[in-house]
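Chain naming follows the written order as A, B, C, D, E and F, and within any one chain the residues start at number 1.
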Amino acid sequence: MPCRRWRDLSSLDLASVDKDRTLVVLPIGSTEQHGPHLPVGTDTLIVEAVVEGTTQQLGDVECLFLPTLWVSKSNEHSAFAGTITFARDTLCRVVEDIAESVARAGFRRLVFLNAHGGNAGLLDVLGRDLRQSTGLLLFDLELWSFYTAQTLSEGALPVLDIHAGYFETSVMLACYPSLVGERFGGGLGSDRERGKIAASFDGFCYLTPDGKSASVPWLTGDYTDDGVMGDPGQARAEAGRREYDRLVGIVCAVLRECAAFEYRPSAS
Amino acid sequence: MPCRRWRDLSSLDLASVDKDRTLVVLPIGSTEQHGPHLPVGTDTLIVEAVVEGTTQQLGDVECLFLPTLWVSKSNEHSAFAGTITFARDTLCRVVEDIAESVARAGFRRLVFLNAHGGNAGLLDVLGRDLRQSTGLLLFDLELWSFYTAQTLSEGALPVLDIHAGYFETSVMLACYPSLVGERFGGGLGSDRERGKIAASFDGFCYLTPDGKSASVPWLTGDYTDDGVMGDPGQARAEAGRREYDRLVGIVCAVLRECAAFEYRPSAS
Amino acid sequence: MPCRRWRDLSSLDLASVDKDRTLVVLPIGSTEQHGPHLPVGTDTLIVEAVVEGTTQQLGDVECLFLPTLWVSKSNEHSAFAGTITFARDTLCRVVEDIAESVARAGFRRLVFLNAHGGNAGLLDVLGRDLRQSTGLLLFDLELWSFYTAQTLSEGALPVLDIHAGYFETSVMLACYPSLVGERFGGGLGSDRERGKIAASFDGFCYLTPDGKSASVPWLTGDYTDDGVMGDPGQARAEAGRREYDRLVGIVCAVLRECAAFEYRPSAS
Amino acid sequence: MPCRRWRDLSSLDLASVDKDRTLVVLPIGSTEQHGPHLPVGTDTLIVEAVVEGTTQQLGDVECLFLPTLWVSKSNEHSAFAGTITFARDTLCRVVEDIAESVARAGFRRLVFLNAHGGNAGLLDVLGRDLRQSTGLLLFDLELWSFYTAQTLSEGALPVLDIHAGYFETSVMLACYPSLVGERFGGGLGSDRERGKIAASFDGFCYLTPDGKSASVPWLTGDYTDDGVMGDPGQARAEAGRREYDRLVGIVCAVLRECAAFEYRPSAS
Amino acid sequence: MPCRRWRDLSSLDLASVDKDRTLVVLPIGSTEQHGPHLPVGTDTLIVEAVVEGTTQQLGDVECLFLPTLWVSKSNEHSAFAGTITFARDTLCRVVEDIAESVARAGFRRLVFLNAHGGNAGLLDVLGRDLRQSTGLLLFDLELWSFYTAQTLSEGALPVLDIHAGYFETSVMLACYPSLVGERFGGGLGSDRERGKIAASFDGFCYLTPDGKSASVPWLTGDYTDDGVMGDPGQARAEAGRREYDRLVGIVCAVLRECAAFEYRPSAS
Amino acid sequence: MPCRRWRDLSSLDLASVDKDRTLVVLPIGSTEQHGPHLPVGTDTLIVEAVVEGTTQQLGDVECLFLPTLWVSKSNEHSAFAGTITFARDTLCRVVEDIAESVARAGFRRLVFLNAHGGNAGLLDVLGRDLRQSTGLLLFDLELWSFYTAQTLSEGALPVLDIHAGYFETSVMLACYPSLVGERFGGGLGSDRERGKIAASFDGFCYLTPDGKSASVPWLTGDYTDDGVMGDPGQARAEAGRREYDRLVGIVCAVLRECAAFEYRPSAS
């Protein structure tokens, strides 16, 4: 099977892989508060479930999965117990050292598979810097950015369901039901916090909490007292299973494109 | 007039400003190649023109404009003469030192007004880190992200007009006509380079050069030999004037929101 | 059960733990060549097997296991494909950021459970620096230092069995038989490399490759061409099982002491 | 005209310049308190006025002026509102990144034109380090060091007129009269602060505030409550105009020498 | 005489030395509290005395002694007046810069002669990193590790005599009697502090204060109020002289081995 | 006697010193080529001789001398064997760590006694930064700046006698005659190198090699092939003794002023 774990191979195995085509994938999770009902490893657990599913469905794309980074940059949550965060520069060095080790072994294609939105800005910068310093072809796949779109059309859910809310709770119910606390009912985040966020942005046209053009950088405590930004009360395992399948499908499709991509391909 | 230049005020003037409401705005340009026909200071020149227009239209919002950062992070263009770039960490320290100086003076609201897309990822991270380390309310206004939308509906322009193309050349023709070289005709970038980029991404669904969900970090040389990514040949001064006016209008609107924004506003 | 995984608990769970007594354990593995027959994740895999065994036998000591660091400092192996290494300063920052996050959550006792000898010097320094900067009680448990003692009495094994040799291959045969390559016979490392190392140190009284008083810092290539320092040919699964059980027993005993330790205990 | 602005040229223009002879000049100003009567941008404004004058008088020396650094190292003034300062290492990186970009473009001669005395020590070090790391011919022109000499012979002015005093106020009155506050009369700095400084150094032979051989590093607050070190009360626009003309003459003369200088010139 | 001081030679002398065989030795002392009776320079003074003795006895080994590093890493003692300590990274840079200068001059063999136990972990790491970055043959001679062994068999001395106790006080009495305070009697450290340390580790099997396998990182204040860890009351000059002679003999023997060592020596 | 060596005192001694008045002096030498005839430790040896003389003549000023820094920043000489240099940032950290340790012990007055001109710029910056970060009263005594003045009036000596020339060779002949090589005659540096430097600066009015207002940063190889900048051929021991006595006198005078200095002294 072409999907394999870097960790389980010997140095000799890795030396004999086709370096030009093989994708090396670095899954990036986090350890950060996810409300009172989800484990702090939620991002790590979701990305690992997606990697597992991808491994089984990817087909003939040569792909090596590195182990998951279980700490990344979560300082917006650092006021909540259980959050473990790297400083900005620590995460940069961690990713650079790993990428340089991958390049030193002769590989040419490295994919970030990132499940934590708080890392996106830095990975964007690191991708460009590593493209320049190592010559690697980098690919930046932001898994979390696929979380919301279809979810929001399920009835009249809140606009902002970005952390420990409907989507993540549903997927966790589907993939790790034993790790979801009982108390994910309507009392969490939902009404009260949604209202607060709504009040902050009420009447604003340009400023939005997750806007790309005109945004307001935030810490979790700016929005919520219980760490939930969304509505976990409506989460359901069935919806989570559907979303999980969709995510695996997207990751497989993107990885196939990553394996085929070339800059300035020669005309055929 | 409530719009003033930080540079022109004395320490005593600055000490007596209303710190709670006054916006401090840091305009961020760049010094980087903009094809053979536009000056390397194009981003700096555009943001300074926008600041000038904003100063005249902003009305009664108290606002202090810092001088413009004329170097930022442009390493994707470093293979072209005239590009001056900060390393990642240099830009971080520059912005942090300025923000800490602003906070030390007692101000509470700092706005990044960024004209160079290559800075966006880092400013996203810096905004969050500075929100935490200084307690400032940060606002991140990415001016360049407003460049393309309306432009692309002008006839059948290329999808990718992101650098030294139709938009930037038009605005420069409107605001600094003497600095635009004669040779911005159809021979530049347009057909040839557009074709090359199209070839790279031909048939791909997820991977895009400017995608947020699944992107391929690039250096300018990956795409183009003359540094142009877009079609300057169609640029016109009248279009540039319209776009310029639109940009000033957007900046004024966003700054008004920045002055009014509060986290968790108390109910009235 | 008092042994739990940090990753699987919610922020609320972690906030309610007894911070004064509970041990937080950071398992430290590596990703580095282990000869042509063992996976590059050998150190990580062994420490995770030991954590799993410890979890079941530790009894009533309150203990939280962080996920395993799967990259640490392996630059002595960087000439071999598959090795992923942090620079010195990267590992320092990684461990410091994690320790500071643990201290910020209110915990008081942090244990390094380190399976890679190449980290020992730095962890010694970090322990002291973190004791000073965070006030945490640190404990430094160097798992690898228990590998050799009993092994060496098994017949006339070589003095130097420190990497990918008899001990590690035996434990991997016991715990992960499917990941051990067929080719761990007498042709590896053993005779040829043992001879080379012996030749280097022949007739020396003080200088030794692993000496603490007078040592010669080495890179793997100084000693061996196939990355093996030891004699994997004699490895047996039964011996590996015995050693594994012994390691688990030691770790349980040490953790009990860590939970009970106090500086300057008051007389009872 | 051979004097041009780097910012206004295209990458193509810059690529075609004669790299061996052309001077690249980096003007260095500051943003720091200058008493209650001068703008915080005084150093920046003065150096920009001098650059403007130089551009018109330099003649046939090929010279490219970079935009002005408007923040440099002003931590001695950081207790006063409006001061924006880089930390030591930030300024080093800023200047190094700019110099490396200039060298990468193929230029060979870089001139620091520094208007803020607080940068002198660091520029001295950076010049030597960049000479070594980039191979550039560096020139360090400390504009401020020409401020005092002739001034002090105007009547019986104070020995120490180094900041926001007679000289700087006069030049600002000549070049930017609208930015000088009304209140630069005898009540500022002059008597009271001069007396204090005199008292500190009364009876000392070697220790002086600006001594090179035996100096006492100071923060502004060690000397003065209003940020003035000198006597702005005697400032006059006519004197400022004379001094400005003198400065422009000096800068032109130095730049001509910089363009002609070679190490170990071959005998003619 | 083949033993010489680097400091006393000219650049020309150093350029003409046999680089392949000559040992360059960096003696490493410290400046840190050594109880109320020994000078803060004790480690430096001892290593300098040992260097002096070695110089006279080493015979025909070509050896160049650098001056002694008189500050190293002593942060465990920083709560006591007189301790001067480098931060972790400062010591790394100091040793790296010196080693790179030695390598740049063409030398091939560098020996750390370290008298302060607190540096051992970092020197272990630095030796490996410098072996890789400079290609030098490094040798790490930890002088302090030879202090205790024979001493402890002298009667029933305490197990822990690691700082300012019997051994160091004896050697100082032998080599620098005028610098040893009168008050090194039984009232210091000995009974009281020994008892405290004993109480901390009473009943523990694995955890020890200086253990390599399972240790507890400490600050001096964790153990002792007067900075003594040992029993200076029993110190005698005669014992110090014996120990000093033993140390010189060991250093001479190790240096002879360092001069002869080669990796993978060719068969003779 | 009030002049004492920090190294020789115990922690208890240092804790009981009058912290308000006592001067702590850090002598700063270097290890750098000094031509083919002077030892690389020349700067260190001279400053130590001056410290020794000062100790005997200083009288009742309370003064503690730290050991001498024997490496500082000498990268301009790094192309010559025997030069050992710290990078810019290493020297900053070394001086900062020492100053912070001195401040932590409660002292209030720290004097840099610097014998190597290449450190002057950095010490100027460090003095100001440490004044701010530690609150210490810093004094920066640049010993080398007193070398040339009187020397140059001795007949018609060269204008540039700054390194390994008449002055330093004379002082070394007076203080360390056995360390001065025979070959310091007229063939060194003098005619040939003086001529080369003269040629470089011939006809220049502002640019000078050691100018403060308009200088050209240099590496030793820019000027000289044998490392001498000056005329050692005329050096005499008697002149060296006179200069040495003058230097000791100056240092004593400056230290007396340092002990008496206060900012804003209250009127008596």
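Note that in this section contacts are C-beta pairs under 8 Å (C-beta built on N, C-alpha and C of every residue); 3 or more make two chains touch, one makes a residue touch a chain.
Computed from a prediction, not measured in an experiment: that's the story for all the values here.
Asks: Which number of steps is the smallest that gets you from subunit A over to subunit E via touching chains?
Replies: The fewest steps needed to get from subunit A to subunit E is 2.
Asks: Name, by label, each chain that touches both members of the pair subunit C and subunit E.
Replies: none
Asks: Can you tell me which pair among A-C, B-D or D-F shares over half of its residue-numbered contact pairs with C-E?
Replies: Among A-C, B-D or D-F, the interface that shares over half of its contact pairs with C-E is D-F.
Asks: If we define chain centres by averaging CA atoms, which chain lands farthest from subunit A? Would you check?
Replies: That would be chain F.
Asks: For copies subunit B and subunit D, work out whether under half or over half of the interface numbers are shared, and give different or same accordingly.
Replies: same
Asks: As a quick test, compute the distance in whole Å between the mean CA positions of subunit A and subunit D.
Replies: So the centre of subunit A lies 49 Å away from the centre of subunit D.
Asks: Centre to centre, by mean C-alpha position, how many angstrom separate subunit E and subunit F?
Replies: Centre-to-centre distance between subunit E and subunit F: 30 Å.
Asks: Note the residues in subunit A that touch 2 or more other chains, in rising order.
Replies: Residues 78, 89.
Asks: State the ordered list of ring chains, commencing at subunit C and continuing via subunit E.
Replies: If we begin at subunit C and move toward subunit E, the chains come in the order C, E, F, D, B, A.
Asks: Would you tell me which residues of subunit E are touching subunit F in their complex?
Replies: Residue list for subunit E touching subunit F: 5-15, 31, 33-41, 44-45, 66-67, 70-71, 78, 80-87, 89-90, 93-94, 97-98, 101-102, 104-106, 179, 181, 227.
Asks: Name, in rising order, each residue of subunit E that touches subunit C in their complex.
Replies: Against subunit C, the touching part of subunit E is residues 73, 75-76, 78, 88-89, 92, 118, 120-125, 127-132, 137-142, 145-146, 196, 199-200, 204-207, 212-219, 222-223, 250, 253-254, 257-258, 260-265, 267.
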